[in-house]
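If you scroll down you'll find the structure; I have some questions about it.
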Amino acid sequence: MHSVKVHTFEGPLDLLLQLIEQEELDISQVALAHVTEQYLQALEKSDNISAEDLADFLVVAAKLLLIKSRILLPQLAVEGAEEASDLERQLKIFKEYLDASRGIAKIIHKRRFTFGRGKPAVMIEEKFSPPEGLEMGTMRELFLAVLRDIEPVIALPKAVIEKTVSISEKIEAIRALILDKALISFKSIMEDAKTKTDVIVSFLALLELVKQRSIVVKQGALFTDIAIHRLDSPSET
Amino acid sequence: MLEQKIEALLFLAGRPLSVKKLCDLTDAKKADVEKAAEALVTQYESRTSGVLIQKASDSYHMVTHPDVRSLAQAYAKEEVSGELTKPSLEALTIIAYRGPVTKAELEQIRGVNCSLILRNLLIRGLVEAKYDKPRATTVYDVTHDFVRFLGLAKVDELPDYIKLHDHATLEKLLNPDAQAQQENLPAV
Amino acid sequence: MLEQKIEALLFLAGRPLSVKKLCDLTDAKKADVEKAAEALVTQYESRTSGVLIQKASDSYHMVTHPDVRSLAQAYAKEEVSGELTKPSLEALTIIAYRGPVTKAELEQIRGVNCSLILRNLLIRGLVEAKYDKPRATTVYDVTHDFVRFLGLAKVDELPDYIKLHDHATLEKLLNPDAQAQQENLPAV
């Protein structure tokens, strides 16, 4: 595998697009599957991804893994089709606006700025005109409301970090589960999944573990359940 | 006559005036105000004037012409920084072409959370938020300050505006086959 | 081109500019400036415009057309005495409780650009701007007139003033680094 050379990237789609363009591919599901490893590599290597953005990078990582698994194990893909074409379309639209933003940068670069007067023409004189009926109690209420509106802004990075943490926790949970049972099926993991996101997160976690070589994923025959083996457990093969 | 009134008001105010404000002040119907204001925009563009009328979302603003930028900047003593980070520019581009746009739509296109970027753009006055009653949600649009950066009379003078403004048009361009199938059109 | 420049300057000024001043600003000869200005006067007269350029002794002034005088007066009245919008009231409240406050701080707190709101509050005499030497920036405070209007002798008599003036939420927002350091201290 050749090493990944990407410029600084601003978001998951930006990174993805750079990888695909570097390979001189058009945006397609095959191209997405092709750069999946490089995407994960870049993610691991990068130290400029803010905590706020990490969750978004991981969501795209999960979608990529789904696409890749669909191509490698077509029988696995029950729901993945939609996710896969979604990401492809999303990336194509993103590219359109990215190109447009370069056009806008060019226009701004021409510095054809215009200026307003910023204040009324001379005929308007300053005149004390208080807001009728404004009371101190109302002002206190208004101020408290402003403080309440600020709360989510301050909490913002924290909320995103919590979202990110839940993905790594899921990975830990699956690892613990496997250590406990040594052999469980993919299906039983999926049984706990309540939402589509849960399925994606579980799958991401599973593939992450495969990548870390903690487990081996085996499939007895086509269309059967996938068995997950802990690497240090005696396996039937 | 309505044109004259609107011109006088825009001159006096020196700030952007919304169509609603113009309706209230001139006691005219929305459609008539819009027609007259658009005629003014065109009229100022067509003569070689030192002044321009710019449109952003639903308001109009009388400003100096881009041709006299350095003189106007010196007189207005306004510092303009054209510097925008890449993410800010990306977000602005999407809002300029797609506005009025919701935060969810913006994030869908960019693939990342845009809360902080939106807040920065709002604070810089490049983007404004409005409550969209029918959709019961907040929508974002570019402001006159952003249009002043571009030196255009209207946002829809941006390159490829029609193509990138409309979601359906864009989808069709990107996925001609899927669209054709959906619409049961004979595949070309 | 000189015409364009003079037109832009007269618009930006909103008050009479002398020929001498126009010469200085445009770096042009007196005879040329006068010729261009006269051409502008004629041009504005010839089209039915809401705006005119008037000549008085040796200065030029862009003004609204006499035909729309009553409208112009209505606008001026509206600017200073129309009802305050909710965003304006919020800004006024923040300035009252938190003042003296900079425009940047006000915008961080409100999460939107406050240029137009501040302009309106200044015109109405509710807020005043002062230059803060140590901070080398302009700060805003409510006026004595406004404090008296509330029936107070001093602004710190507002309900819960002490508690709200430097509420922890505000400190976290405006001084995040100081906060982060404090929070990190025990952990290290």
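Lettered A, B and C in written order, each chain numbered from 1.
What we mean here is this: a residue touches a chain if its C-beta (ideal position, glycine included) is under 8 Å from a C-beta of that chain, and two chains touch if they have at least 3 such contacts.
Given the structure is predicted, the values throughout are model-derived calculations rather than measurements.
With centres defined by CA atoms alone, the chain at the far end from chain A is C. Located most centrally within the structure is B, per distance between chain CA means and the overall CA mean.
Inter-chain centre distance (chain B to chain C, centres taken as mean C-alpha positions): 23 Å.
In terms of their C-alpha centroids, the spacing between chain A and chain C amounts to 42 Å. Chain A and chain B, compared by their mean Cα positions, are separated by 29 Å. Taken residue by residue, chain B touches two or more other chains at 11-15, 62, 64-65, 72, 75-76, 119, whereas all remaining positions touch fewer. Within chain A, the positions touching two or more other chains are listed as 115, 117-121, 123-124, 153. Every residue of chain B that touches chain A in the complex is listed here, in rising order: 11-16, 52, 54, 61-66, 69, 72-73, 75-76, 78, 80, 82, 84, 86-87, 89-90, 92-94, 96-97, 108-113, 115-116, 119, 144, 148-152, 158-160, 164, 170-171, 174-175. Remark: chain A residues 115, 117-131, 134-137, 139-140, 142-147, 149-151, 153-154 touch chain C in the complex. Here chain A touches chain B in the complex through residues 10-13, 52-53, 55-56, 60, 89-90, 92-94, 96-98, 100-101, 103-105, 107-121, 123-124, 153, 156, 160, going by the rule given at the top.
Here chain B touches chain C in the complex through residues 3-9, 11-15, 25-26, 48-51, 62, 64-65, 67-68, 71-72, 74-76, 119, 122-125, 128-129, 143, 145, going by the rule given at the top.
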